[in-house]
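In this document, chain identifiers A, B, C and D correspond to the written order of the chains, with residue numbering beginning at 1 in each.
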């Protein structure tokens, strides 16, 4: 297993190869280049598993493999690989989900007779390669570069059906909103380079380590705009956070994710559930050593996370299309992860990241199979009663929903509960902001439970409400296979880190994920972060007591939400209860008018400014230039009049000229006095 | 001995009368006359200074200017003839085509 | 009903003021100028003869002076040319279109050239 | 000797093309233009210069011959190449050849004269980038305008005469002002220099030989000369308020001429700025850091916002050239390795990318005969390959990583952020960086309206995929952009080697 880490670059290059193959020879290959994609992702998956075991054996790998720009008297800009528990875990997640999505795409795209398959699989291949490149990046610049490439692939894949009007504008919106976030991220990257001179995550000159030493006063770093070191690190942290908020669709920049549902469902599953949206949270986890040093930034992250969780969950309640509900649930779940990171729960957030990747991918693929059955009609009110016609999809979907809602044995419960637990104990330990965030997170659990089961009951339970719902179009193994695999994963991944069980029943050593994440470089492991977090933890009735109470409360809320949904929607003829909300429904349905105000900023503010500028430019700047030329033309016209053609005038001018000359010379020469 | 200023004054007067004629008249023939006048003003100067320097060059030169004046009038009359033919009249203000 | 000549006064005399102005300036200058006494000629010097001699580069004359032989020849040629020019200008044409020196500011030439050019078609 | 050969061959090629019959002119011009390409690649392969040509570095392929006496100064024919001019020479030759190939379809009449003028312009451009004596340089600098005037004026669009005259007069006045600035500098140096060779002048200035001239003290003279030269070159760059000739010239010029105009002619301005203003008068440059940085940021944001309001595809790309050139100015004033090096790299990168974008717009124009965004939509449906390359080029323009645009822009941002020229430099850099969001905005918006959505076209031409020889130059340019993006070190090391001596002067370290 030792040499396996040298094959790490292959993980990234295999999907890139499949991209080239699909792009070049896709037309001539059976299934439009899908096989190349499946082969590549399978290869990467195997390699990732091998890397995973090598890393859990205590190995780590941090090598620079390519010098991008060699600075003669300045620092070099390089690409390198950093394989440690966090990145190997993420490698496994991304490659597994990518593989399953590729297989699923056979069913979703090929069988449905889509055209342009080579372009689709090329896009998927490039996306997987860029995402893996981002995961293994060893410095902030490489991370930013692949961060942007991932944004490009999401643009290409959302806009796959470019012949209609919807997808291209959704793709444009997605790219622009994330680009706005990446603007701040780019300033952050440049600021880190300027402040620390290097942007490496790990190794001797890693910038989190330099920041830590700078704060302890061991050596000085150049700060800018006259700020002190602490203030400047907070600013840099917030700048990078801009990119994270954009990519992980957190509160202000979340509007692109629901529109991104215009893309094919496997794309939504891969990109907008499991991997790309996770890039932001992964980035914060990657440079957590830097964020931990600045408590204000952590508090802001926690607040954004908590608020987004609640905010998105409320919007998910009233949606009609199955994919819209899942989109808002994704935003909400990533809110939890940000909450976990903000509250100092590094392991909790990473745990939720992993479990969420599986069950959300499962839910999206389940939705995909339902959409195939419903001939691409996503409206839940036309579905109903699919339970007995699509058993495999139903049970997998159910396991995913239970995980999402956070019901005990399923993965979602353990990870979400741990996030809330960390927030609670650090909140009690004397930071009221975390308590507020905890409250928002808790409330969101109730809404999550409600909309999840509302979705399940509307789609699978009750009487079929439309013709297609009565005899849905069957799905083949390539759809059911991935669903089954993910269904099992959604149920079992919780066992990896059952903290409450460990604390309540005192069974030491079952928090495998915690130990796993401790095996990294000294500056990157969970233990090191635990020491640095600025919160102290307070308990009500001892540690075990708080765990029990926390778990009970969150489970209670989840079950409450589920029960409400059961009461309202688990009836043969469910009716639109959300109308009772009246005006609140319209506000929720229109997503608190977030879309409108962002579109207004783009079209209502920026475009008129540019039109005014254009008129200014044409009128005044160009006017001045043309003005100067017209002055000379006008002057020419005037002077021309002197030449009248009459000889006497010329004689007169001559005489006057002579007189003036004589006068002038006379005055100068002193002839007169 | 008459000091040269007065000769200069005389020639200036004659010269300006010539110009006055040139500026105010509209008949091309009178232009010629005025020009003659101006030329002779110059001759007055020449002779005056010939006397002033006690050198005969001035006077010899005057002879040449007289000859030249004759040549000039000859050509002038030719031009006036053509002017008359083209613009049926010797009124100078009608012939305004010699411009941009 | 005598038709005695009247002095035609009026606005056409305004340009004349330029001439008057010129005279005034010159007059002021000349009056203010101061010249030493003129040398004048020797008593009884035969000036006319001297002019004659200086005309033909002979320097026997009582009064010195430059020689003008070249000028003499040139002025002779000039007079001949002037004479021919005058006759040519004055000649009334007998045959066809009179190709005299055009004084129409080149309009005729331009019209003939451009018309022919326009018919060729635009470029 | 190679540089003289290169220029001579290009001149000969131009003459030969002039006399060829129109039918063969296109193909022959392409064949003939391969010679300078091979020549420049050979030069690049043999390249062995180190340090800055003006500051005593050893110059590659240098020839220095006295050929004229002009009073106190004897004029040298001095040509040579260093890290800054080598990439630009290679860029010029490659871009001209590709522009010639892309001209086969659109240029339908008087082809021989068209291609002759293109090669003539290339020869002059090579002269500009290799000349190291002011007299020779200025001759080539003015000579470039003549072919460009005719190329725009004869083969251009409806308002071509207005655009050509405006371009010519505007640039000419600018070079006049620049000339006055430089000559006052030369006179200020008095008799401490015996020739107009740029290295000699630069080193004399560096040694503080600048005396007073025309009543101005040395410092004031330096500032006046700097401002005059900056104005002269800023028109060519173009910098924000002086840019109004660019959109007209681009819109009216035929596509291959636009490619050359955006690809290489704009770089003459920035190259000259680097050679004259920022190498010879570093202290004055640093004294003017604030206004120059303001102009740079204004160019970026103003150019980008204007592009957002345009309806004509070519005007969009033209205004975004103004915006990209603003980055170069920001990089130059930063006086750090990555700043000035990045600026020089951006000259090459922008040359390739704007060339690609103009060609792509041109290829679409060849079939649809319209560039108005509102006249057409869904072009990707009928022209998939061209649309694909257009999208890739647009993303390259937006600064997508692993493409040359990003490399250049990142270097400039990094260099400008950490620059010690001014306290507020990070703020300026942050403001300028907002340009990447606006660029993404209008390019995506334009692509969405023209390429995507259901196919609709008002004109009566049948829109079909472009022929191979139109798409091939596009593919070559895209490939070059990616290669330069993945490994910018091809040129970047060479550029840094030439740029670092300037920085020591500017006291940046």
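As a convention for this text, contacts are C-beta pairs under 8 Å (C-beta built on N, C-alpha and C of every residue); 3 or more make two chains touch, one makes a residue touch a chain.
None of the values given here were measured: they were computed from a predicted structure.
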When A-B and B-C are ranked by contacting C-beta pairs, first comes B-C
Distance between chain centroids, defined by C-alpha means - chain A, chain C (Å): 95
Between chain C and chain D, what is the separation of their C-alpha centroids in Å? 62
Chain B and chain C have mean C-alpha positions lying a whole-number Å distance apart equal to 6
Where in chain B do residues touch two or more other chains at once? 19, 22-24, 26, 95, 97-99
Send over the residues of chain D in touch with two or more other chains. none
Where in chain A do residues touch two or more other chains at once? 645, 648, 651-652, 655
Chain pairs in touch? A-B, A-C, A-D, B-C
Chain C partner contacts - residues on chain B that touch it in the complex: 1-5, 8-9, 12-13, 15-17, 19-20, 22-24, 26, 51-57, 59-61, 63-64, 67-68, 70-72, 74-75, 77-79, 81-83, 86, 95, 97-99
Considering the complex alone, what residue numbers of chain C touch chain B? 12-13, 15-16, 18-20, 22-23, 26-27, 30-31, 33-35, 37-42, 47, 50-51, 54-55, 61, 63-66, 68, 71-72, 75, 78-79, 81-83, 85-90, 100-101, 103-105, 107
Taking the touch rule as given, give the residues of chain A at its contact with chain D in the complex, in rising order. 67-74, 141, 144-146, 148-149, 152, 159, 162-165, 167-169, 172, 175-176, 179-180, 183, 186-187, 190-191, 193-194, 222, 224-226, 602, 606-607, 609-611, 613-614, 617, 621-622, 625, 629
Chain A-touching residues of chain D, taken from the complex the two chains share: 166, 169-170, 241, 243-245, 302, 305-310, 336-338, 378, 380-381, 395, 398, 400-402, 406-407, 410-411, 413-414, 417-418, 423-424, 426-427, 429-430, 433-434, 436-438, 440-441, 444-445, 448, 451-455, 487-489, 492-493, 496-497, 500, 509
Mind listing the chain B positions that touch chain A in their complex? 19, 22-24, 26, 31, 92-93, 95-100
